[in-house]
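Two complexes come next, and they have one chain in common, subunit A, joined by subunit B in the first and subunit C in the second.
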Partner chain A sequence: MSFSMEEDEFFGEKVFQHYCAEFIKHSQQIGDGWEWRTSKDCSDGYMCKTHFQIKSGTLVSHPETSAHAQTCLPMEEALESPLDDSEVTETDTATEVIKYEYHVVYSCSYQVPVLYFRASFLDGKPLALKDIWERVHECYKTRLLQGPWDTITQQEHPILGQPFFVLHPCKTSEFMTPVFKSSQKTNRNFNYITSWLSIVGPAVGLNLPLSYARAASWDE
Partner chain B sequence: MHYPIGLLFDLLASSSALPWNITVHFKSFPEKDLLHCPSKDVIEAHFMSCVKEADALKHKSQVINEMQKKDHKQLWMGLQNDRFDQFWAINRKLMEYPAEENGFRYIPFRIYQTTTERPFIQKLFRPMAADGQLHTLGDLLKEVCPSAIAPEDGERKNQVMIHGIEPMLETPLQWLSEHLSYPDNFLHISIIPQPTD
Partner chain C sequence: MAEEPESALQLPPSTAAEGDGPTEVSPETATPEPPSSASVSPGTEEPAGDTKKKIDILLKAVGDTPIMKTKKWAVERTRTIQGLIDFIKKFLKLVASEQLFIYVNQSFAPSPDQEVGTLYECFGSDGKLVLHYCKSQAWG
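Right, the complex of A and B next:
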């Protein structure tokens, strides 16, 4: 007995997996680090990426650098948010390495992709939501701060079961539908995942190189 | 955990006598495994998030979105203060469906088993078939969790439990959703091994 999906559901799980596969193909071409993971007990899965951000505590001698200088790996301007004084360490060589993990999972309830993320220090100690805030670029902070618990909540990862922060998906359909509709009119190469991730990712420190926009779509 | 306490009991301790003795820890919070609950606001946000998701499934979010913020607040306050009438005044709207339909669009449910890494099974499932026949609890399990229902010739290996009782597998899912959902509007179903006594 199988139950077929509704016709008006244009973003079903299979479509999601297809856009992810295309996205990952381009990621592999440019070494952007995204990969697909299948769940052990089922055919569903998710896309994930890990990146490490390294921050130096202080730079002692160089006169042109500020006391809060930091190097980010990979180089992303959006991450250069100013640190609190409390984060400047005393020693010259103290570095803070933060591991960020981003997962793109399909939500069957909202029929859209959802961004799950978490961050931890190398010793495994997780970052709290407020620590993540501090690393969000100013231009996104205002909107997110208006109701952080409305847009970001902590939830169980639906496949792994561990706590992750989640960008709430209830508005995704609202802002993605015009993008999808206009792409159909102009016949541009369209990858839902690329467009969606380029909109929601930067608010939480995830940036996409521009080459994704030029990548071939699955029609070619 | 942020799971309803009744669900935790069914899933982990259903064979225990009441009162349920639990051990409370004050050190070494397992950050990687459990969600924190730093404040009541977080719990409220989590609860509302579940209610919204349930309505996305039942009504494409139409009912919850038509409500005002004060209605959402009333739902939470009714639950928090154990005022059923206050809660139900709002929640009953989430349990209605258009006259031309025979039920919700999809049924909000989650199936829990302690034996899997995946925290729960949740999929799209309609309350009735294309021919109008109401789907039952048994139909749901057969489709999304067939291992829960033992073969007809064998002894049932598992109990299927909601709110501490085992509803008959012939029960229509639409009815269960309207009457046996938790306050967050989800049917939280536990699959546990048959007790051996």
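Right, the complex of A and C next:
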């Protein structure tokens, strides 16, 4: 049964869950590590993923990245010893490794998905908001830092109740609408979550492999 | 006004992964375009080695974003999405704080460090890579 969202359809929680399910299907195919989690006491759920980032700028998400290695950022020569795939997350010579945890949660008040995340060093020490702002990708830094408090803030995770950083969602509807509209005409397999995450993710260190783009557009 | 010219325009060869972005192309070649455009250069592909070979990109505006007068560009494979974004922003005279997004398949935004050569290999067809671009406020 094909699913397509009407142009003015309300992006409700069910729609959110559907797109997440499709997204996770593809994640499983390529070993990208996303999972769906439900809270114990209600039907709420969210998508999450953990990955490790090395400070020199390389991105490491999973030992078995070789399958889609070409779509990840190229490894730089900061790591001196040649690495097996199995050793990719261990670093003898690297300077700093940060563990990121990303959660995609539905916001009832904004009726859009929201990206929650937290980050810590390997010794468990969490990153502060200031550290996060410093690590925002150059591409977005200027605009983000113009109003940092409007963009990345620290809030309580709506399901877990723990403090997380959040990318503020008040403009999500605004920037997703033209993409959604233009894509509707030609792309029957448009995935709102894929599209949205590809846009906001890179600002905070989350880069989706290119195969998600293909998965979202294939006629199946 | 007529459609975009047959020959693709070349982006300046600067490595624009970071920094100010590409500067204006030198005006030495004759151009039928208005002065605000980059110079026209004959042909699209260079006979140099593969790493230097350029790929053809067709840019399409999404939503209310201004449409570029010149839509077809020959771009080095190693140019990053960020570099392309900087170029388009400059071409459209957007201010630095305005956000511009580029999409493949009309809906997926490659990460800023992604090289256009890789995108061309994955998503190109009929000898070109179609990219949609959209100006928007993503933050706040």
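Everything that follows uses one rule, which is that the second predicted complex is superposed on the first by the 162 of 220 C-alpha atoms of A that agree within 3 Å, B and C clash if a C-alpha of one lies under 4 Å from a C-alpha of the other, contacts with A are read in each partner's own complex, and residues count from 1 in each chain.
Quick note on the criterion: a residue touches a chain if its C-beta (ideal position, glycine included) is under 8 Å from a C-beta of that chain, and two chains touch if they have at least 3 such contacts.
It should be emphasised that the depicted structure is a prediction, and the values quoted were computed from it without experimental measurement.
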item	value
Fit-or-clash call for subunit B and subunit C when the two complexes are aligned on subunit A	fit
Touched partner set for A:168, first subunit B, second subunit C, both or neither	both
Subunit B versus subunit C as contact partner of A:154, first or second or both or neither	first
Greater subunit A contact set [subunit C / subunit B]	C
First, second, both or neither for A:178, with subunit B first and subunit C second	second
Partner chain(s) touched by A:97 [first = subunit B, second = subunit C, both, neither]	neither
First, second, both or neither for A:54, with subunit B first and subunit C second	neither
Subunit B versus subunit C as contact partner of A:30, first or second or both or neither	neither
First (subunit B), second (subunit C), both or neither touched by A:41	first
First (subunit B), second (subunit C), both or neither touched by A:122	neither
Per-pair minimum CA distance [subunit C against subunit B, superposed on A] in Å	10
Overlap of subunit C and subunit B interfaces on subunit A (superposed complexes)	150, 168, 170
In the complex with subunit A, residue positions of subunit C that touch it	18, 62-65, 82, 85, 96-99, 101, 103-114, 118-119, 122-123, 132, 134, 136-140
Parts of subunit A lying in touch with subunit C, wherever the complex brings them together	70-71, 73, 137-140, 142-144, 146-147, 150-151, 167-168, 170-171, 174-175, 177-183, 186-187, 190-191, 194-195, 198-203, 207-208, 210, 212-214, 216-217
Sites on subunit B touched by subunit A in the complex	31-36, 41-42, 45-46, 49, 52-53, 56-57, 61, 108, 116-120, 122-126, 139, 142-143
Contact footprint of subunit B on subunit A as seen in their complex	1-3, 5, 39-42, 108-110, 124-126, 128, 149-150, 153-163, 168, 170
